[in-house]
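A short worksheet on the structure shown next.
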Amino acid sequence: MKIRTIKLLAKEGANNVVKNKLMSFASMMTVVVALFILGIVLLMAINITSNIEAMKRDLELTVFLNVNATPYQREEVVNFVEAKKDAGLISEYRIETKEQMYENIKNSLEDESLLEGFTVENAAESFYIKLVDPNSSDAIISQISEFGGVNKNAIGYGKEELDKLEGILKIFNSVTIIVLAVLMIISIFLISNTIKLTVYARRHQIEIMKYIGAVDSFIRGPFIVEGFILGLLGAAVAFLLTSQAYTLLQKGLNALLTNLNLSTLRIMPFSPVAVRMFIIYAIFGIVIGGVGSVVSVRKHLNV
Amino acid sequence: MKIRTIKLLAKEGANNVVKNKLMSFASMMTVVVALFILGIVLLMAINITSNIEAMKRDLELTVFLNVNATPYQREEVVNFVEAKKDAGLISEYRIETKEQMYENIKNSLEDESLLEGFTVENAAESFYIKLVDPNSSDAIISQISEFGGVNKNAIGYGKEELDKLEGILKIFNSVTIIVLAVLMIISIFLISNTIKLTVYARRHQIEIMKYIGAVDSFIRGPFIVEGFILGLLGAAVAFLLTSQAYTLLQKGLNALLTNLNLSTLRIMPFSPVAVRMFIIYAIFGIVIGGVGSVVSVRKHLNV
Amino acid sequence: MIRFVDVTKIYSNGVIGLRNTTVKIDKGEFVFIIGSSGSGKSTFLKLIMHEEMPTEGEVYVNGYSVHDMPHSEIPYLRRSLGVVFQDFRLLPNKTAYENVAFAMQIVEATSREIRRQVPLALGLVGLSKKAKAYPNQLSGGEQQRVVLARALVNNPSVLIADEPTGNLDPKTSKEIMALLEEINQRGTTVVVATHEKDLVDSMKKRVIVLERGDIKSDVKKGSYSNEDKDY
Amino acid sequence: MIRFVDVTKIYSNGVIGLRNTTVKIDKGEFVFIIGSSGSGKSTFLKLIMHEEMPTEGEVYVNGYSVHDMPHSEIPYLRRSLGVVFQDFRLLPNKTAYENVAFAMQIVEATSREIRRQVPLALGLVGLSKKAKAYPNQLSGGEQQRVVLARALVNNPSVLIADEPTGNLDPKTSKEIMALLEEINQRGTTVVVATHEKDLVDSMKKRVIVLERGDIKSDVKKGSYSNEDKDY
C-alpha cells in the first residue's frame, strides 16, 4: 500500500468521524461509559487496598514484662528491640512504664472501686512495637518470648484483627478482580456492540466499495482510523470525567471521614495515579476502537 | 385505530425482533448489561445497609450498679427494665452477677497477678440491654441513670461506635444513591444510544412508510412493541444473570466470612428480594425499551 | 385536482428544481411529464406528494393545500395518491406480497380485502409468481412492477408514476402503459414522468415538457418531440 | 476475454437465473444483452463481476477463473472491469466527484491523475456542473451518469453496463451509447444489458437474447427484435 493511500485512508477515517455524527457520538460515549465505570472500580479497589494496608501498618506488637522482671531482664528486651530497629525490621516502638500502665488500667475500668488493692507495683511494664513488615511478626514474637523477663502469655499483635483485615483484603481483592473482569467483558461487549451497529448501518457502503474493486485493507483502513480516533477521544473524555468525578467524591468523602473521626481512613487524591490511569484509558480506547472496527467490518467484506 | 391494526402492529413488532437479529441482540444485551450493573449495585447497597443495621441492633446498653448497691436498688432497676421490655422498647437483656463480672475482669487482664487484692466483692453487677430502636438510647439512658443504685458514670451504649456506624451508613447511602443515579443515567443513555442506532439503520424504511401514507402511530406501533419485547426479554435475562451471579457471590462470600470468623456479617440470599427485583427490572426494561423506541423513531417521521 | 400556482422550488444547495410553474391537471386526465435528465420532472411529482415543499407558490392536491397543511394531514394526502417512485422505495425486509399488502394495511383494510386485492394487483403487473420474493431477490424490472402494484392496490384517485418503465423491456413497458390507460379510463388521474418516446408518441395524451425547471410546452395531444426536437 | 462454459445459476430460493449458458465474448467486442424483465441479464453480468457465483459451470474473465478464485483476487478482477450497476450503488456520503475519484483511489492513482481524470469523466457524461452534489441531490438520470463516469474513469479493459440509460431521456441515451461505442472503438470490450430498442436496432452490434435464463439467440449484427418478436 502506497504512502499516499495510507494518508488518504487516514483522512477518510477522520472525515467519517465528522460525517457520521450520531454513530461517532454513540461509539465514543460507549467507550466513555465503559472506561468511566472501569476507572471508578479501579480507583475504589486502589483505595480499599491502600487503606487496609495502612491499617495493617498501624498494628502494634505488645510485649508485657513480668511484674517482677529485673532491670537486667528489661535491658535485654530493650537491647533486642533496638537491634531490630537498627536492622530495619521495627519502625518505631514506645515503652509504657508501670505507672502509665496503672493509670491505663484505672481508666479502662469503669468503676474505680474495682481497683481497690491494686497498686502500681502490681502493674507490668510494656513495649508497643510497630513492625516494618507486618508479616515478620511471627519470627519476632518467637524470638522475644525467649527472654526471661517477658510474660510469654501476654504477647499480642492484634493477630485476630490482622487476620480479619487480611480476610477482608482477600475478599475485596477477589471481588475487585471479579468485578473488574466482568466490567471489562461488559465494556468490550458494549463497545463491540455499538461498533457493530455503526458498521451495520454502513454495510451497503462497504459492499459497494467491494463491488468496485477495493481490497479489504483499503476498506478497513478508514474504519481502523475511525476506531482509533473515537477510542482516543472517548478515553480523553472518560479521563476528564473520571478525574473530576473522583476528585469531587474524594473531597466529599474525606471531609465526611474527618467529621466522623475516621481520619485514619483516607481517600487518596487523583494526581498520583493520573498518568497511569490515562495510559490505561488510552490503550484500552485505542485498541478496542481499532480492533472492534476491524472485526465488525470483516463480516461485510465477504461479497 | 382499529383492533385489527393494533394486532397487526403488534405482530409486526414481534416479527422485527426476529428479523433484525443483530439489532435486537444489541438492544437486548444493552438492557441486560444496564440492569445487571444496576442490580448488583442495588444488592450491594441492600447488603451494606442491612449489615450495618444488624450491627446497630447488636449494640448493647451496659449499665453497672454501684458496688455497694442495695438489693432494693437492684430490684428497682430490674423492674424498670422489665417494664420497658413489656412496653416493647427493649428486645432482651441479661444480667451479669458480681461473680461473672469478676471472672470477666480476671480474663480480660493479661496478667492474673494484676488482680492481687481485687475480690468478687469489689466487682459490680451489670445489665446488658438490647434496644428495639437504637435511637431510643438517649431517653432510656437518662431515665435509668435516675436510679440510686446505678453507677451514673458507667452507662455505655457504644455511642462512639454507633456514631461511626451511622456515619459509615450515611456515606454508603449517599455514595450508593449517587452511584445508582449515575448508573441509571448511564444505563438510560446506553440503551437510548443503542436504540437510536438500530432505528437509524432503519431510517429509510421509516421514511418509505411515511411516503406511502402511513400515519405516525402506525409506524411507531411496531417499534413500541419491539421496544417492549426487547426490554422485557432483556429484563428477564438480566434477572436470571443477576440472580445466578449474586447467589454464587453470596455463597462464596458467606463461606469466606465464616472462615474468617466474621459471621456477624451476612450476605443475604436472593430469594427475599427476587420478586421486587424482577418488578423493578421489568418496569425499567419495558419503559426504557418502549419510550426509547418512540423517541428515536420520532425524528425520522418528519418527512 | 392538482394545481400549481407560481411554484418555484429551489433546493437547499441553490439548485433550481422548478421555476414559476403554473399548471392545472384535472380529475381524470392522463398527463405525461417529459424533459431531459435533470429538467425537474421528479421535482414536479415530489411537490405533488409533499416530499418536497415549494420554496414559493402554492400546490393544491385533491383539495389539500400543500403549503399550510398540518403534519398530521400529510399521510391522508399521500393515501389519496398512488406513487411509483423513481427509486422504487420497497421495504427490503418485506416480500413483494407484503410490500403491496402494506399499502393496504396502512389504510386499515380488512385482511379479507388484502387477501383479495394484493394477488390481483401483483397479477396485473405480471408478478404473481414472485409474491414471496424479497426485493433483493427480484430483478430491476420486477421491483419496478412491485412498486406499481403497490401504487395501484388502493385504487387511488391520482396515480403518480416517476419513470415507471425505466427498467422494463419494450413489450412489458407497452403492457404497463396500457394498464395505466385502463386505470385512467376508470376515472383515475394519471401523471407519468417518462422517457419512453415511442409510448408517448403512440398514446396521444397531454404532454407537459419541462426544461431546466421551466414548463416549455403543454400540449393536449402531444408527442415526445412536439417541435421536432429531442429532449 | 469473457467465457461462460455451461454456466447455470440457481438462486438460493430455487429461482433459475441462468441455465446451461455457454458463450464467449472476445476482446474488443460490443455486445448487447437483451431479454424481457427477469430473463437473466443482470444475473449474466453479476456472474462476470463475481457478485454471484455460478451454481454449475465455469466463468472466465480477463484471465481469471471465477470458480476457484481466492478471495483476495476478487478486487483485481473487478478493477479490470468498469461496471454500471442497475441499482447505481453510489456512496451516499460522497459527492459525485468523490464517488468517481474513489474508483481511482482504490487503484492508488496519484492525486494529480485524479484531479485530471475525474473532471474529464464527469464531463464526458455531461455532469461537470454537478460535481459537488451528493447522490440524494441528483436526479435519477444524473445519478446514472455518475455511475457511468465512475465505470469509465479507470479505462477498464471491459465495460459492463446494466441498463445504463434506463433513467435517461432519448437524446442523452443516444449520446451515452455513442460514448460507449467510442470507448469500444478505443479497444474496450463493452457488454450492455438494455431495453433501448431503438438504440439496439440502430447500432447493429452483436445481440445476445436471453429468455428465462436461456440464450435464445446470439446474432452478430442483431436488432432488438430479430425474429419479429418483442422481448
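Should a chain be cited, it is by its letter among A, B, C and D, assigned in written order, with residues numbered from 1 in that chain.
The rule is short, and it goes like this: contacts are C-beta pairs under 8 Å (C-beta built on N, C-alpha and C of every residue); 3 or more make two chains touch, one makes a residue touch a chain.
Given the structure is predicted, the values throughout are model-derived calculations rather than measurements.
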Task: If a chain touches chain B and chain D alike, it appears here - done: A, C
- [ ] Calculate how many whole Å lie between the centre of chain B and the centre of chain C, each centre taken as the average of the chain's C-alpha atoms.
- [x] 63
Task: Chain centre separation in whole Å, for chain D relative to chain C (CA means) - done: 28
Open item on the list: Averaging over Cα atoms per chain, report the distance between chain A and chain B in Å.
Closed with: 25
- [ ] Name the shape of the chain contact graph, picking from line, ring, star, complete and other.
- [x] ring
Open item on the list: Per the touch rule above, enumerate the chain pairs that touch, sorted by label.
Closed with: A-B, A-D, B-C, C-D
Task: chain B contact footprint on chain C (complex, rising order) - done: 49, 51, 71-72, 74-79, 81, 83, 85, 89-93, 102-103, 105-108, 110-111, 150
Open item on the list: Under the stated contact criterion, what part of chain D meets chain C in this complex?
Closed with: 11, 13, 15, 34-38, 41-42, 86-87, 130, 132-133, 137-142, 144-145, 162-163, 166-174, 195, 197-198, 224, 230-231
TODO: Could you pull out which chain A residues touch chain B in their complex?
DONE: 22-23, 26, 29-30, 33, 36-37, 64, 66-67, 105, 109-111, 113-119, 122-124, 151, 153-154, 156, 160, 163-164, 167-168, 170-171, 175, 178, 186, 189-190, 193-194, 196-198, 200-201, 249, 253, 256-257, 259-262
- [ ] Spell out the part of chain B that touches chain C in their complex, as residue ranges.
- [x] 1-2, 4-5, 8, 16, 19-20, 205, 208-216, 218, 302-303
